[in-house]
Every structure is written in structure tokens, then in C-alpha cells.
Amino acid sequence: MNAIDVTERPGFLAYALAIENEAVERYTTFAEQMDVTNNREAAELFREMARLETLHAKEIEARIGGQTLPEGASCEYAWPDGESPEAPDFSDTHYLMTPYQALTLVLEAEQRAVEFFETIERAGTDEAVRKMAAEFAKEEREHVRRVRQWRERYPPPERDWDDDPDPPNQAE
Amino acid sequence: MNDPAISIALVGSGGSGVMTAGSLLLEAAGRAGLYGMMSRSSGPQIRGGEAAALLRISTRPVFCLGNRFDFLVAIDWANAERFAAEIPLDTESTIVGDDDIPDEFSASGATFKEVSFKRLAAQSAGLRPNMIALGLIGSAIGLPPGELEAVAKKLLDHKGKATVEASVSALSIGAATLDGLKTIDIKTESVAELWNISGNEAAGLGAVRGGVRFVAAYPITPATEMLEWLAPALEKIGGTLVQAEDELASVNQLIGASFGGTPSLTATSGPGLALMTESIGLAVASETPVVVVNVMRGGPSTGIPTKSEQSDLNIALYGLHGDAPHLVVAPLSVSDCLFSAQWAVHLAETLQTAAIVLSDQSLAQTRAVIPRPVDVFFGARRAVQTEAWEDYERYATVPGGVSPMALPGLTGCQYTADGLEHNTQGTPSSRVEDHARQLDKRRDKLALHDYGDHWAHIDGNGPMAIITWGSSLAPVEEAVETLAPEGIALRVIAPRLLMPVQPERMAAALEGVETALVVEQSHGGQFFHYIRAFYAPECELHSMARPGPLPIRPADVTHAIREQWRGS
Amino acid sequence: MERVVTSGAATEVTLKPKDYKSDIKPVWCPGCGDFSVLAAITRALAALKVAPENVAVISGIGCSSRIPAYLDTYGFHGAHGRALPLATGLKISRPDLCVLVAGGDGDGFSIGGNHFLQVCRRNVDITYIVMDNQVYGMTKGQASPTTEPDWDRSKLTPHGTRINAFYPLVVALASGANFIARASSSDPNGAAKVIGEAIGHPGFSFVQVLSPCVTFRPEQRDWKKIVRPAPIEATTDPAAAARRLMTDDNFYLGVLYKGNRAPFEPDSAGQPSTEQELEEEFKV
Amino acid sequence: MNDPAISIALVGSGGSGVMTAGSLLLEAAGRAGLYGMMSRSSGPQIRGGEAAALLRISTRPVFCLGNRFDFLVAIDWANAERFAAEIPLDTESTIVGDDDIPDEFSASGATFKEVSFKRLAAQSAGLRPNMIALGLIGSAIGLPPGELEAVAKKLLDHKGKATVEASVSALSIGAATLDGLKTIDIKTESVAELWNISGNEAAGLGAVRGGVRFVAAYPITPATEMLEWLAPALEKIGGTLVQAEDELASVNQLIGASFGGTPSLTATSGPGLALMTESIGLAVASETPVVVVNVMRGGPSTGIPTKSEQSDLNIALYGLHGDAPHLVVAPLSVSDCLFSAQWAVHLAETLQTAAIVLSDQSLAQTRAVIPRPVDVFFGARRAVQTEAWEDYERYATVPGGVSPMALPGLTGCQYTADGLEHNTQGTPSSRVEDHARQLDKRRDKLALHDYGDHWAHIDGNGPMAIITWGSSLAPVEEAVETLAPEGIALRVIAPRLLMPVQPERMAAALEGVETALVVEQSHGGQFFHYIRAFYAPECELHSMARPGPLPIRPADVTHAIREQWRGS
Amino acid sequence: MERVVTSGAATEVTLKPKDYKSDIKPVWCPGCGDFSVLAAITRALAALKVAPENVAVISGIGCSSRIPAYLDTYGFHGAHGRALPLATGLKISRPDLCVLVAGGDGDGFSIGGNHFLQVCRRNVDITYIVMDNQVYGMTKGQASPTTEPDWDRSKLTPHGTRINAFYPLVVALASGANFIARASSSDPNGAAKVIGEAIGHPGFSFVQVLSPCVTFRPEQRDWKKIVRPAPIEATTDPAAAARRLMTDDNFYLGVLYKGNRAPFEPDSAGQPSTEQELEEEFKV
């Protein structure tokens, strides 16, 4: 299976859709993590993010319409960072993380999405693709703005936000 | 109140600090001269899971959870309903917390006092909800505020002045919130020196007192804390703890160290014990003393690692291949873990064999405030060959069966210890006389030893008896006490020494008994069958066998007794 | 796709990575590297187009060993340290299945160390993924064989283990493993690729995935800054691989050795007989 | 003669070929329509050690050695005295050999016929002393010379004509030396198809008939020959045998293969079984059928690997940690090894659990000429999920307790088998209901199964019973037969199914029994205690427990019975 | 002699090799290589002047594992595969003793494989002598880990094991062993020298002795024609040793690697306390 060419329209759309889908999956995972560790506020936030990203994915799907896109599982995409830009790193969650921190993760992800599309906009060869990239970049910038606003509703974490007086559990 | 004990459950999700609050409450109660205990329960998550600290505070030593809880204090309710079965409430109980009480609890009809610990804590920086809860419940049971402050300070001292101050103010905010809360005062009675200790720690201390200076082990829940206590302790007194690659290695390391003369011990749980049985048999056959503390958890297989059960009795008694007589000792309470471990080491050393100590999760991981256990001293030690002797025979058949062991380094007594059947010199032999002689030796040295009164805890008299063991004794004793005023007199027999069996002593203990109920925490009635197999009591024998994960409560026993003796 | 055939899976399917996930929510700590390994495995399976019902994931005990239940494949969460023989029995008797083993460094290199040696020698066509966090997570943070000798945060070894760490890759090579690779949970796509390649490679494949334990070894969050691709291509020469791995610093990623030994195949008779024929020899 | 059986011992040192002579004698007897058996005894040396072939030839099937030997034929006497306890002689016995008879034998008062086999063999090239001895003893018991020649030819054919001819002449030299020897003629009675088979082979065949197609094992005495038989046999019928690195690996390989749908088995002995118990527990908890054949040898520890004992009963019954109900099946004779192994596979598969087959060295390594065992066919097999089902639950609680198992490859029924306690789907759970449900399921599926009459061998009636098991049955039956003419009527009860216990059936079997004697080959009375634990018979219960290495002989039992019922 | 001190044996004695032999006659087959190993050990001990009572020889189960009883030292004939941990416990708690482990290839590399790995890492000052005959002698001739894949004389593997042989020296190196050597029973004096050097070397020393099983592998009698000294001196560089051992044909004799890791020492407190002091922490 060859890598998908992001500089052509079908490839570009495949990437754009993958970005959203992976974000949905990642936020769903995070929401579940927070459920399991009883961090309800963060869970709700991540669930909300998953919902929003699902909407974005739907929008892109609508734009794709009936076109067939190149097929490929996520590891075949040549993400700049190895990983889809809008999916925060698995290692960045914490069971005591505050909403502020959760939204910081989101914010960084959205920023990476902006950069991703801006790069294509700058470096692309296909005009239609560049135009779409510009459009998407703009949208992502809007997301960045909104997330930043959203984050402002929450206080930054206290110094010892991750202080847990109790020892970890042991199991098997 | 009739019951001098108060039961308190603290619940909250990960990070809320319920365990810390519970521990501090227990320690403060101890400082106030009260007895008590705390056990823990939590979800499967390593971090952030829901947790419950289950306490019982009393004017007398207490070793099991009560039938009901007086207070349920929720720092938050996240997933707290999972503990519903563990925290029985009734209309006399009081619930404190946010108002989104799970149905499982509110259905009890308990009185509810709304307190949002999170909101109270949000008032000012550095306040912690768990400290507010601690202040509240400490006051509710009448603990002097000074004691709560003292324990909090001790814990937080290293975090600096601000933290300590915040805690103190959290405690007083909690106390102030008492308003409208039904409180219960329990009065200090104890004058004894009190210890705050877990069963695992007590067993560790017992081991050290027994002379153990070498420990090799592989971590496993719920035995790990015993090792965690032993590692630095041994280092301090010139001993060693080795973390081995697995249980096969650890038990064999013990055999090696003990062969060299060092009393040796390991701690494990069911799956680990299963891996050790082959080599425990080697210790038996080669007459090398070793002690294996098995902290039972729910079985079979990986089972329920964090919950207690008495279902490793079978493997401990019978799990070695061949005829391999060995010692099985079972502590009867958190504090008895100390004595039992020490005694087991003493017996293993004196009788040159393997001893299994059957503790369980509920003994091992419960932290209790108890009177300082009395010092026990056992005179006899391992019989060691002290001088070169041309005709030295390691496995000589001597009166009593215990032949002195030469330790490497002693000139002229070189021998090879062997797990193959052997003659008196240790040379492999399949001759019928050698096999018979060594089988008899290994059996008789255990059978002939005088175990004294330590063999069992026996109490009461009359024709009705309860036979029980280990952690089941505490609820049995409470049940018996509860029934006494009703005129139901019960005899209690709880062997501490499970192997070798003591038929004469048991017969004496059962003298005049017409009906007996065998109480244990297993599914298959393992103890019941053991009693039948080895003591074949002539009385009517009934079984109350209940598996984990819930502890046996006094009321369960009371109920079973009433069922049993309904007619009588 | 030949790889799929090698792994014994018959039907090709087109599924998304998430279709390989089950409904059960992991009990892992948020931030644990194992989440990423889970993602990597689902991606690898999706890329290989192997049907979930033709995959069996076998594990022992440990945080990482919880993984089978989180996958919508067949799974076996067995005894501590015994996943490899369990998988061996399964694969030998069911060569049509794609058999993965996944677990921790304690499970695999401490209590399970012997099976690791022997499975490398036996070369049955299974893939072994070790989520190495250099600690026993499940039992609250004791040193594992891969722990540095001076790590002193466990109460059981308060001055560190002061014994040499275990280098799984070089031991695998010395024991005859046919495919040896290292991946990192900080790069789930990279890990997915390596895992996919491992599954596709005939015979026993071993993939060490650096997977931080954020609870007991929070400093491992920094691993993502240290890991880097191995500078050269996978070698097929054991001596060259040995030289490389003896001096390896544990942070080079990629496929490091790829042997071409034929996978183990059980004996089989040309002409199968009946049970009746077996009796003949007993007749007087 | 009252006893239709003749007992013959052949002794000689390494290289003398006593085992070959013994085997040929047995085979020739079979060809002549006689039944018989042969067991072996030898020194600890791998090569060149003294050896004894102990035979019993009869007109009826025989499954244990007799009380005495009719013939002791010594090819040479090197170290033969070591076998004295195994070869009881009396004044009716005949000793054949060189005249340097060890005192241990000559003291018996047996008739002595001097024959120097070595000297006879020296007469001519190619003559072998053991063949001369074979010719002699074959004629002495009246075997047709043609049969002896036939078996010798079959064995030596590949060595060429000269060798065969030398053998034939050796046989006739032996026969000719009969002169002056007391001979015993036993007459052919059997018309059945006869097999010459060892218990290990029979168990192997039973396993294959039961459907086993995967075996993983680690060699150990005295189980190895079962594996040696299975390796080529499995290959022929499309199965596989894997030599594993150890017993931990082999039992886990079984679990894996069985999880994939292949009936799987291993064979081991005590030390190996001890290593397997942890994972046998996993098979129980995960409900994965596996069969472990444990061929008992003398214990404890490495013990006496080449001798028989019934002392692994305890570990087989109780050796798993936690409450882990499983099957324990014990063959009652060499030929019953076939049925018992097949039945155990059937039961393990049908009940989705672990089965332990308790064979022993004396069953396993004895070679017997027996009537061809009847074919048994068990209809039921493993309940397998055959179609995708959205709500499939691997551990569903269904009537009877056996829930269908989905095999990998079946779409839509993916699940994870687990050794942690789990809910009906297999998800780990520590909830009280889940634990109770699965504990009940695992117990009930075994308890509710109808094991039919196979559960035990029961014979006779009256108020006196012998309860025994495994290889002890044969001497018990002979003892009972011996006593019958004296008017001592005995009931014999020998359970083949040791777990799960069958209280109702046992109660029926014991109906009317006033005194029972429990006969077993152990030191600790393991079977006796098991009977008391689980059947608590109301009758008087006595124990005859004798450890190895000597086999229990009919006369030992007769003696014990007379002691027991002296008064009655 | 410092070596003796390293091995923990305090007193120097002057004894003949035969003084280290016990009265018990070996049950081994005449011609078995183990006789020569027994001789080599007695010579090494005599040369080291270590008192027999300060020596403990630990073994598992197998023909070779019978050796302790034939020596007039202290001995332990333990369980199959478990000699190394037994010796580890003994040496850690009795550093004054000279502790040897002796046994077979099955005992050491099959059932005991994990302990072999871990003992190499742990580097306790013991010496491990494996009498390698590439077969399970005691149980009548099955393939062991060191058996060639095509040896088909065992009924359990009638077409050979067809799995890679286990190369103990390279695995020992990969696992961190501190001293690695090979000797041959055909040269008992050479073997004695190597064993003596191994005992003298601090930390864990591993000596493979090629020791034919004349009963089940009579062709091994020819080994004496094949063995030859290794062409170069012992190296202290693991990478160089790895290169050498990965291509080693199993017949070069001599000390092949000599590391300089410090032996394992248990933790010990500067100021020992009393048992009473341990109670302090429990006081309320």
C-alpha cells in the first residue's frame, strides 16, 4: 500500500477526514479514561470534544460526497509528527487533570491542525487543494479561538494539582 | 449504646484522599486511647478509582467489621454505589455528603445531612475536602480536636507550614459543620500501650522476632506490604531481603539460606504458593526449615486479588506431592499475625521442616489499633551439630525425630542434603527400610512435639460449639457475645495449628459437645472437610461456608447459629 | 496480501482500527503508554485486514496484560508469566489463527523469562509485544528485570536493585529470535507499522514497545524526547545484530534484526492412520 | 494348585538381558493363550545395574504380583540380594542359577537347582545366557517351545539368521536343562483376543480414543513411556506432541491448544504436577478442558522415582489454590488405564474443566497380557458455540452449568477467557454476585453431571467392606477371593471417580456396612482421610495405609483383614 | 591466596584432590564424562587450598546433578532446575562459603532457564559448572536445549527437535555473566584450571564443560577429537565477546570472557539496630 498523496484532492480529503476521525477516537478514549478514573469534569469536556469533532467529520464527509478516496489505515498516513495533528498524545492525560489542562491539550491539538493545513496551503501544488487547505486552516483557527475562550472559564491548575494523598491501588 | 463500637465508612473517588483521612482518624482514635481498625476497598483502577475506608472505633479491641455502619461520609459519590454491599446502612445510620446520593444508599432510610466537602474546600486555598471530612467525623465521634490536629501535622509536616495550617483550618471547618449531625460519643477506656499496625506488618515483626534474617520473595497482592516492611527492617538488623525473579526462585533461595543456617521466610499469595509447593516438599524431605507466609485472596486462579477468602486452606494442608508432613499455622487476628509468624518460625526451626502461615487479605491489609502484643520468647532453636563427629549422620533416626543439622563450615560433618529418599547419611536410597524410617522420622518429629496451649484458641463450654479459624474467629466471637445475653452459650474452638493435627487436644476441646457449626470463608467448605477428615467429631457437625469477597459479619454468624439451634 | 496468509488468517476484511476495540474501558491510568499500544495493535490489524475472529491475543498478568479484553478479538488473560507457552499451544494446534502475545516486562522477563528464551528458539509463528515500562505496575511499582540498577523508588529495593538490567533484545537474539524490533508508545503509528511487520514476518517475532508507567515511573514521560529511529536498516546477520545490540542504549526504534529461519511446524505423517490401526501393535 | 498363577523372577546384572527374557516370556505366554504381567525393578545405575523382571502368568487376567515366587532364575547373582524384599520365596519355591546364592534367598528354604547360564552359553558362539534361561523357564511352565521361538525370532529378525538360530538353540539348551527341575503346568483357557500392553501405553491409547490431539510434556519417570508412545501415535492420526521446556510450559500449552478447540493432555509425575497446579487452576477458572495424567511415584520431593506409591492423592484432590473444583479419575488396573484416560478426556471436554488422572508407577510400567479392552464410546463432546450470536456470553450461567465455548475463528463471539474472577461475559469482576455465580457454576456443572456406574467398581455385599482405589484394588480383590472359601464375605468399593465426590452413590454402596477397612499405598492415610472428609461413613472405619516402595500384596491385605475382623 | 578469599573460604588447607572425594561410588555409566568433571573439581579445589567444609556444591536433578554426594564437601541435591536460586540464597546469607553449582544442560537450560538468566544478571559470587551432554541422560535420552535440531534418536522427537539449539555462552553473555568459559571432560586438567579460575573470579562465573553421555549419545566420544583451545585470550569487552560467541562452533575451549563487574552484595545498614527499635514505628 502506498502512502497517500496529500497534495492531490482525494488524498487531501482523506487526510482531512482522518484528522477529524482520529480526533473523535482520541477524545472518546480520553473521555472514557476520565470516566474510569472518576474525573467527571474532564470526562464531560472530552466527550464534548468528541461530539464536536464528529460534526466536523460529518461536514467533511458531506463535502466529499460520493467520491472514492484512497484507502488507508492510519499508520499509512505520513503525518508530520508520526501522529494525526489533532489527536493529543496519549501520554498527556492525567487522572486528576483539571478542565483547564484538558482544554490546553485540545488547544494544542487545534493549533497543530492549523499548522498542518497552513503547510499544505503554502506548499501545495494543486490549486484546488491549496484553496481547501486555506479554508480548513481558517476553520481550525476559529476552533483555536473558541477553545481559548472556553478555557478562560476555568482557573489554571493549582501548584499541587496532581497531589494525591492516597497511595496507588494494587491489583493482581 | 449497647455496642461500644462505632462504624464509619468514608468514600470518595481517586485523589479525594479517603484512605488518608481514614488512616488519620484511626491514628487519632488511638492517640485518644481508643481501639479500632480500618480496612480498605477500592475499584480495579490503579489510580483515580473509587475508594472506601471502612473503620470501626471502639473502647475494646476490634478485629472485624461490624454488621452495619453508623456513618457513611462521602467526599464525593462517584461510583460509590459499587461499595453498597460492603457498607450496610439502616435507619439508625447517618449519611453525610452531597445530595446526589446513590439509590443503593438512600434506600436504607438513613438520616441524611447534606455537606458538600468540595464546596467547603473551595472557600479558601489549600483546604482539602478529606481534611474537612476528617474534622467532621472526628468531632462526631467525640475525638479531641487536638489529636486530629496532631496526626495531621505529623503527616504533613514535610509539606511546609502553609499546608499544615490549611489542614488545621480544614479540620475545624469540618468540626463546625457538625451542626445538626447526630453524634456518638465513645469514651476512652484503654490504659495499655497502643500500637497501630497492619497484619502484614505484624507478621513481618513476628518473623524478625522469630529470628528470620533472610527473605526472598516476589511481589504479589496482598502480601507485598509485608515484604515492604521487611526490606528496610531486615537491613537494619543485619538481615537481607532479595527480590527474586519468581516464586520458584524465592522458595529455593530460602532453602539455600536455611541450609547455611539462616532462618528464612517468604511471603506470597495463592498463585505464588502453588508455584512453591514442589520445593516446599524439598524443604520437608531435606529437613530444611523454611517459612512461607501465604496471604490468602479470593480464588481460584488469579481470582479476586484484593479481597479476602479462606480458600487456600486445601493447598496449604495438602498441596505437596507425596507424604510430606509440614506445619500449617493460621493467625487468628491482626495482632495474632505477630505471634503466629514468630511461632511458625520457631516451630519450623525447631522441627527442621517447612511451615506455612495462612494469613489472609483481611488480616494482612487491615490496620488496627491494638494493645501492644506481649513479648513471647521461645527458648528452643534449631538443633545444630556443634562438633566434628566421624559418624555424623544428618538424617539419623533419633528419639523425637529431630537430628542435629551440621552447617557448612563445620569440619568433618560434610553431608549432602537430598530430596531423593535417603538413608540416615543422606545417600539416595530406595530401600524399603530407609523409606519407612525417613517417612516415620518426618512424621513423628512433628507429631511428638508439644505445641502447648498455643495450638488453639478455646473459649466457653456447653454442648454447642463453633469451630472456626483465622479471620473468621473475630465475627464468631462477636456473634457469641451477642447471643450470650439471650442465654445461648457457645463454645468456640479455633485451632491456630492446623497441621500437624492434635486429635487428643481437639477431643478434649470437644468433650461434651453435641452439635458444632464449622464457620469459614470458603465456597467448598474446606475447613469443614478438614475437621471431618482429621477429627471426625462424634457430635453433629454443620457447615457455614461462605466465599468472599464480602467479609463474614457477626450477624451472619448469629443468623447461622439461630438457624442451627432453632430447635434447641 | 501474503502477510495475512503467513499469520494464518484466512479471510481479508476491511475494518477500521476502532472496530478491533471492544466495549470494555481500560482500567489503566490516564497517560499510561499502554493506551497507545492498544491503538497501535488495532491499527496494525486493520492494516493487515485480518478478521478479528481470526486473531487471538494472549497475555499473562500485569497492567499491560489486561490488553486482550480491550480488543474485539479472541483473547486469553492467563497466569502470570505463562502467556508464551499458552500461545505456543494455540498456534501449533491452530495454525490458521493469527496469534499475538502481549504483556509486561515483569511478566515476560522475570517470572516468564524461561519461556521467552525457549520461544525464541522454537520459532513458532507468533508475535510477542512487550510493553516495557521497566517496572511492575500492577503490584505498585517494584523493579523489574529491565529496571536500571540504581532506581531506588521501590520499598523492596530501597538502594536500587544494583543488578544488571536485562536487555531483552540481545537476549532474544542470543536465543535465536527471528525478528527483533523496538517501538515506542509515543509514536503509535510507528509502533503499528513495526507490529504489522512483525505479524507478517514468519516465525517468532519480538517487539519491545517502550511504554511509560506514568504512575510509578513518571520520569518516563520524557522517553518520547529520547527515542529516535535506528540509524540503519534491519540486518539479517546475527553477528552484526549482536554487535549492534550489545551496545544499544535502549532507545533506538525500528526493526533491528530480521532472520530467515523457517517457522516451527509440528510433525505430521504423510498417510494418516485411524485410531484402530494404533491398536495393532498391542495384539499378541 | 489352588492358585492358577505362577510367579517367576528373573534376575541378573546389567547386560545379562533379564528384561528381554522376561518380556519374551510374557509375550510367549500371551501367544499360548495365557494371561500375565511383568514388572521391573532395577538399581539406580542408568546402565549396567542389577535388574529383576518379576512375572506372573495365569489362566486368568492378573494385575498384581503374588505373595510369593515359584521360581527365581538368576542369570547371575551380582547384587541380586538387593531384590530380596521384592522376591519372597518359600520352601515351595525353586531357585535356578549359579551356586553362589545370596543368603537372603537361600535362607528361604527353597529348592535349588544349579544351572550356570554363563557356562552353558560359553559352549558355543552366539548363545546368550538370557535365552537359555528363557528356554528353561518357558518349558518349566509348559509353554509350547514354538511360541518361545516365535517371539525370539520376532525380536531378533533384524539381527540376521545366525543370531536367530543361536537363539533357537539357546532356547532348546535351556529347555533341556529342565531335568530335575520341579515344573508347573498351567493350562490355556483364554479364547479372547489378547493384548500385551503397559499401563502407560493403555493410557496413551485411551487418550487418543478420547479425542486428544495435542500433547505437550516434559519427560519424567515414570510417565515418559506414555509420551514415547503418544509421540508417533499422534503424528499418525494428525495430532501433535511437543516436548516443552518444563511443566509450567506444558500445562499452559495445553490450555492454549484447548482454547483453540483441540482436546489436550499431558503426562507427568509428582514433582511435575506440583509445578502445574497454578495453571490447572487457570484451566478450572477459565473453563478450559485439559487432562493431566499423573503417574505417581514414591514421594515426597524427588522421592523414589522408580517405585510406586499412592501418595499424590492429596495434591491431586486439593492441590489447587482457591475453591477450584475439578475432576480426579483413578484407573483401577493396567487395562483400566485405557478406559480411565478416555473417560477423563470425555469428562474434561464435556464439563469444560481440568481432569487429573491418577495412575501410578505400578500400573504404568507394568506390562500385562489382557483381554482386548472393550470399545467404549461416549456420545457427548465439548459444547461448542456454532453460530454468531450478538449476546454471546462465554460464562453464561445456564442450566447444568456448561455454557457453550466459542472457538477462535467463529465470527461475532469473540471473548477473552480469564483466570481473574469474571462476570458472565468474561470481564474481570470482584462483585459478590459474580463471584458467587461463577463459583456455583464451576461446582454445579461437575456435581450435576451423571457419571453413571463408571464412578466406582463395586463388588460383593455384607456388613464388612474394603474401600480402596487405584492399583491397590488388585491385591484387595485377590485377598477377598482368598478369604471367600473361609466364609469371610467382603464388599469391595473402589471409586474410579475421586472428584467430584458422589455422596449418594457411596451411601448406597455402603448401605448395611458395619465396618470398613480403607486400603491404600501411602504413609499418611491420604485416602482414608478423604473418605472420612467427604463420605463420613457411619460405619466403623479402619485404615491400612502402607507406603511404597514394596507393592501391597494380596497377603498383606488378607492379613489386615484377619486382624481387623478377628473378633467378628 | 586472594582467590580463596574471594570465594569466601577462610582457611587454607593442603589436601590432595582425592581428599575432596566422598566414599560414595558414582552411579554413572562407565565412560561418562561426568567422572572427569568430578576429578576436575577436586583438583581445582585442592589447588585453591579451600577447606572441604567451606565448600558447598549445589545441584538439581539429572545424572550430572548427582555430583555433590561424590564430593566430601557440603552439598545439596535439590529440585530439578532450582540449583541456582538455592545457591544464591546460600551465598548471599553465607558469603564466607565457596559455593559451586553443578548440573546438566536440561536442568540448567531447560527447566532452569530462567534462573540461569537471572543469576547472570545478579552476579552473586558463585561458580556454575554445567556438564553439557546435549541430552537428558537421567530420563533416558531426550533432546535438551543444547541438542542439535536434527538429532532424531529420542522417541519424543523422532524427527529431531527442529528447533534452534540453545547457545549457553552467548546467552550468558547477553544476560550479563561476569566470567564465561568452556572446558572439556576429555581434558580434566584443563577443566580443573578453568574451574579454578572461575571460582577465583569475583561474581558469577559460568563454565560449560562438554561431558559426553556415552549411553544415549555415544557419538559424543568423538568430541575429544574436535575440541581445541580458543585461539585468543579471554576478552573483557562484551561486544567483542558477543561477536566471537555468536559465531562460536561450541568446541573452542578456554576462558572466553572475563568481566569486571563487582559482585552482588546485599544491603546492609551502617548502624545495626535492635529488634526493639523496629517496634517504635507502631507506637500510637
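Should a chain be cited, it is by its letter among A, B, C, D and E, assigned in written order, with residues numbered from 1 in that chain.
Operating definition for what follows: contacts are C-beta pairs under 8 Å (C-beta built on N, C-alpha and C of every residue); 3 or more make two chains touch, one makes a residue touch a chain.
Quick caveat: nothing in here was measured; it's all calculated off a predicted structure.
Listed by label, the chains touching chain A and chain C alike are B.
Placing every chain at the mean of its C-alpha atoms, the farthest one from chain A is found to be D.
The interface with the greater count of contacting C-beta pairs, when A-B is set against C-D, is C-D.
With each centre defined as the average position of its C-alpha atoms, the distance from chain C to chain E rounds to 31 Å. Once the centre of each chain is set as its mean CA position, chain D and chain E turn out to be 38 Å apart.
Each chain gets one centre point, the mean of its Cα atoms, and the points for chain B and chain E are 41 Å apart. Spacing of chain A relative to chain E, judged by their CA centroids, is 58 angstrom. Multi-chain contact residues of chain C (touching two or more other chains) are listed as 27-30, 61, 79-81, 110-111, 113-114, 117-118, 138-140, 145, 158, 215, 267.
The set of chain A residues touching two or more other chains comprises 36-37, 39, 95, 167-172. In chain D, the residues touching two or more other chains are 44, 231, 235, 241, 245-246, 271, 278, 282, 286, 301-302, 418-420, 428.
Annotation, chain-chain contacts: A-B, A-C, B-C, B-D, B-E, C-D, C-E, D-E (touch as defined at the top). Residue ranges of chain B in contact with chain A, taken from their complex: 13-20, 42-51, 76, 78-79, 125, 128, 130, 221-222, 224, 302, 305-306.
Residues 27, 30-31, 193-197, 201, 205, 208-209, 213-214, 216, 231, 233, 235-238, 240-242, 244-246, 248-250, 252-262, 264, 278-279, 282, 286, 369, 372, 406, 408-420, 426-428 of chain B are the ones touching chain E in the complex. Per the touch definition, chain C reaches chain B in the complex via residues 27-30, 61, 63, 79-81, 110-111, 113, 136-140, 142-143, 145, 155-158, 161, 215.
Across the interface of their complex, chain B is touched by residues 36-40, 95-96, 158, 164-172 of chain A.
Within the complex, the chain C residues that touch chain E are 110-114, 117-118, 120-123, 145, 158-159, 162-167, 170-171, 173-176, 238-239, 242-243, 246-247, 261, 264-265, 267.
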